[in-house]
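Pasting a structure here, questions to come.
Here the chain labels run A, B, C and D in written order, and each chain numbers its own residues starting at 1.
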Amino acid sequence: MPGPQRYVLTFGCPDRTGIIARISGFLAEHGGTIVEAAYHTDPDTGWFFTRQVVRADSLPFDVDGLHDRFAAVAGELSAESNWQVFDTGRRPRVVILVSKAGHCLYDLLGRVASGELDVEVAAVIGNHATLGGITRAHGIPFHHVPFPAGDPAGKADAFAEIRKLVDEHTPDAIVLARFMQVLPPELCAAWAGRALNIHHSFLPSFVGAKPYHQAHARGVKLIGATCHYVTADLDAGPIVEQDVIRVGHDDSVDDMVRKGRDVEKVALARGLRWHLEGRVLVHGNRTVVF
Amino acid sequence: MPGPQRYVLTFGCPDRTGIIARISGFLAEHGGTIVEAAYHTDPDTGWFFTRQVVRADSLPFDVDGLHDRFAAVAGELSAESNWQVFDTGRRPRVVILVSKAGHCLYDLLGRVASGELDVEVAAVIGNHATLGGITRAHGIPFHHVPFPAGDPAGKADAFAEIRKLVDEHTPDAIVLARFMQVLPPELCAAWAGRALNIHHSFLPSFVGAKPYHQAHARGVKLIGATCHYVTADLDAGPIVEQDVIRVGHDDSVDDMVRKGRDVEKVALARGLRWHLEGRVLVHGNRTVVF
Amino acid sequence: MPGPQRYVLTFGCPDRTGIIARISGFLAEHGGTIVEAAYHTDPDTGWFFTRQVVRADSLPFDVDGLHDRFAAVAGELSAESNWQVFDTGRRPRVVILVSKAGHCLYDLLGRVASGELDVEVAAVIGNHATLGGITRAHGIPFHHVPFPAGDPAGKADAFAEIRKLVDEHTPDAIVLARFMQVLPPELCAAWAGRALNIHHSFLPSFVGAKPYHQAHARGVKLIGATCHYVTADLDAGPIVEQDVIRVGHDDSVDDMVRKGRDVEKVALARGLRWHLEGRVLVHGNRTVVF
Amino acid sequence: MPGPQRYVLTFGCPDRTGIIARISGFLAEHGGTIVEAAYHTDPDTGWFFTRQVVRADSLPFDVDGLHDRFAAVAGELSAESNWQVFDTGRRPRVVILVSKAGHCLYDLLGRVASGELDVEVAAVIGNHATLGGITRAHGIPFHHVPFPAGDPAGKADAFAEIRKLVDEHTPDAIVLARFMQVLPPELCAAWAGRALNIHHSFLPSFVGAKPYHQAHARGVKLIGATCHYVTADLDAGPIVEQDVIRVGHDDSVDDMVRKGRDVEKVALARGLRWHLEGRVLVHGNRTVVF
């Protein structure tokens, strides 16, 4: 994400002849230098998708100007709300939700601190206080929002507080970094397309609780992790990235938990990067990852 | 499997102190040169497993002599029927069941013909005649046993004929190389621990029919294949080997079918090799693969 | 490669503003329906590359018509000879060169026979007669061209004969499927960009002879295979595809040879498919694989 | 490494009949409960290797008692100094050497902090001060030992200081976590078998400086990382672990650097864990990894 300033256009519309010509013609007309361009036509749904990256200094207007002018093209092509333009000059904001397990948080903070992931972590919110120390050591605010056991009203209050803490940052991504609570439907709706979860199995295998125990009991030879958008349907949201690692008969559940962490960390970090770079276009329950 | 003649001992028993000493002491006592030795203790079930490979010419008796003498040790250790001894000097016999899709059969025949897999393919049996030509080109008998559509009695007859054709070879392995028929329970029982299937998904994801269609609909980012022992519970038998390959949004179902074939072929070939080398010990629904 | 008839355009030129607009505008102008489009700009060399797939029936001319009309666009964009157009309605022709090791040949023939690889294998040529039987069983002509040991003149004659046998088919690809002879420079030149080799190591590790022995001696934990275009500089041609497989301390050189075969087969098969689909664009010693 | 206290025996000797019986007999005689046992015979060198893990509370003596009694067995079997016994009840000590790049350090500290890697990081030493902050935030001493550019004598002094800082902790492992300085021969000798380096290429490809630049120039399709013991021969020490990740034509050198980090981190973390668990036995320039 560092490097020269660029505008990123992501776009989807019903397929028809001439879309690429129309979009690239529009950009060429204004002198836009395209540095990345990806296209995909889905024969099943008849939809067309593209992502274009343009050097900001090659265009005679800013990102809002690009947005205003491109709106006419999008209208012609019946894209409706399926497109957006953003400016890589603005650093994306991320809020991270955690519980007790720290491996994904440590990993993300390390990537941010070493400059690999150029984002502002606006806040980390935990339903346990466990990860407050490392968060603050990185100079990031940590909020502890406890979830009272067996108290539905208290849980609703906790989620309301989390929502307030998250929304005040209008984050580009809300990352559930092994946050072990199921989001209520209204939060899934409010954060649709922005909330990324890491599930510790190769979905759709082993949905729900204790996937490594399930994997051990089934005797699988590979375990995995899945980074997906959160939807009201638990563990069933659009998949952004998956990865696996080999296990054997001599791997206990604890060994699987340990090995699985390395896969969770990279699947989540890749998924988050792609999301923030505008590489992930969701259509129905599937993703295009450019 | 080529190379000098060896005896392979596979063994399982309830764990206790001194098992390795007892078994290795027995072999040392007779001058046995151990060329491979693997051990595993499963803390969950409290079982001990081992596989030992001994140079045949280092022992003063043949494989039957080894079997007879070792029976006393196995008795002491309460192994009951959970052990066997076999001689690598005897070439294993395999019968392959196929339907129309040829990729696994072509792959296995190529491995046999090039000497990589040192087995005797006693027969190939197909419910379609499609793969008769290539089978016979390799000098192997092909039997066409058609399955009448929508005729349960005819199907039972077909399976009875297949059973007869298979059993006359007393094969060490019955390989379902994309044989698209579900084995009846009595055949699962008769061939228990010898019938290997290749399922074209990363089990337990996508059991049943058309797994690549299911995978495409779910939008997974990796597809896989599973080599497992056949049991009466469809696609739920003990897993021997699994592998995966990456797919993306631009892979159609047909692309997945094509990419998946490469994974099916290697998972099946590895599973079969390990089975024939006595590397796979089944305990409950899990396997130890030495 | 099966499916509806399409025209594939591959194209490279020095980068500048408006290339995509020019090419897609040209296609749109003639009503062309683009079903696949990929672009790449290489910041190091300042070159632009694209591959476009157009439905044949959406254009008002045939492939020669497309070629003639597009030549003007290519000229404007200074593409010189770095572009071509081909018709998927014409089945590609392949000639395969082999020695004694059959695994890659078995694999390719199996893919062709099962319809996965829709090519015409015009001939197989071997410097040994070993693989004549399987080739002819597939209904393909086999030519045995022996290489006299320690006889440079005889070798030159053998290569001259091979060249004649190959060139009479004007093949789209010449596949060195573990053909263990080094091509003379004049053949490298004559077949530039069409001759694909599979090297049994993860290049640039272990160039030259006996790479698995080298890998074993070095104690690497992964072995690989490399599919590359043949150039006069041995094992140094542009890389099309590579893959690896894990090995351990208990893998002998023979085990590595066996495991490596599975990687060689898939790397070669993928590289060949991509080459024939026009997915591989060579620039200098690097490839763009769309 | 957590869990009940255990004694780990690692052992190598020239192969002969009865070694397993002798060692397991010794343990059985004293009531030892073996929880892990691995064996390997190398046909090339004629050496035998084993690793045995025994429950501490099953033996009637402590780790020194085990060492003293086993010495006689080792002597009988001509193991000379090729064996050791250690106690998992003692937490291993590690010193980490770094430069400016923090990804491996962040990763290791995260693993330690989250309890995954149960070691004491006695100190971190950097030739730059960059990583002092994060180290101290984890409560670990950081020493900055600058390396004066172009001053051989100053460099020798710096290494002498590093040696002093390292040796006072008598660490079980010295980890070169992207420490970009070449160790002088006397340090290689002093730390032989304890100093682990992570090289950012799939060795033996791309030894020396700027391996990602080399990989990009060669156009490889996979990049890798190698964890190896440090020897006086740069990048040529015994390999403990390697891993790779796929790259494409659209990956710049910077992209390769970023993707490669994920492979470096896991290869180093695995190699370090295996080293500390006594799983890595070095013989000549190769490793046995149990």
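Assume a contact is a pair of C-beta atoms (placed from the backbone, for glycine too) under 8 Å apart; a residue touches a chain by one contact, two chains touch by 3 or more.
Quick caveat, the model's predicted, so the values are computed rather than measured.
Among the other chains, A has the CA centre that is most remote from the centre of chain B.
A straight line joining the Cα centres of chain A and chain C is 37 Å long. Shown for chain A are the residues in touch with two or more other chains, namely 36, 43, 250. Taken as a contact graph, with one node per protein chain and an edge wherever two chains touch, the assembly is complete, since every chain touches every other chain. Every residue of chain B that touches chain C in the complex is listed here, in rising order: 36, 101-103, 106-107, 109-111, 113-114, 116, 134, 137-138, 250, 258, 261-262, 266, 269. Across the complex, chain D meets chain C through its residues 40, 42-44, 202-206, 218-222, 224, 238-244, 248-250, 252, 285-289. Taken in their complex, chain C has these residues touching chain A: 17-18, 20-22, 24-25, 27-29, 31-39, 41, 43, 58, 246.
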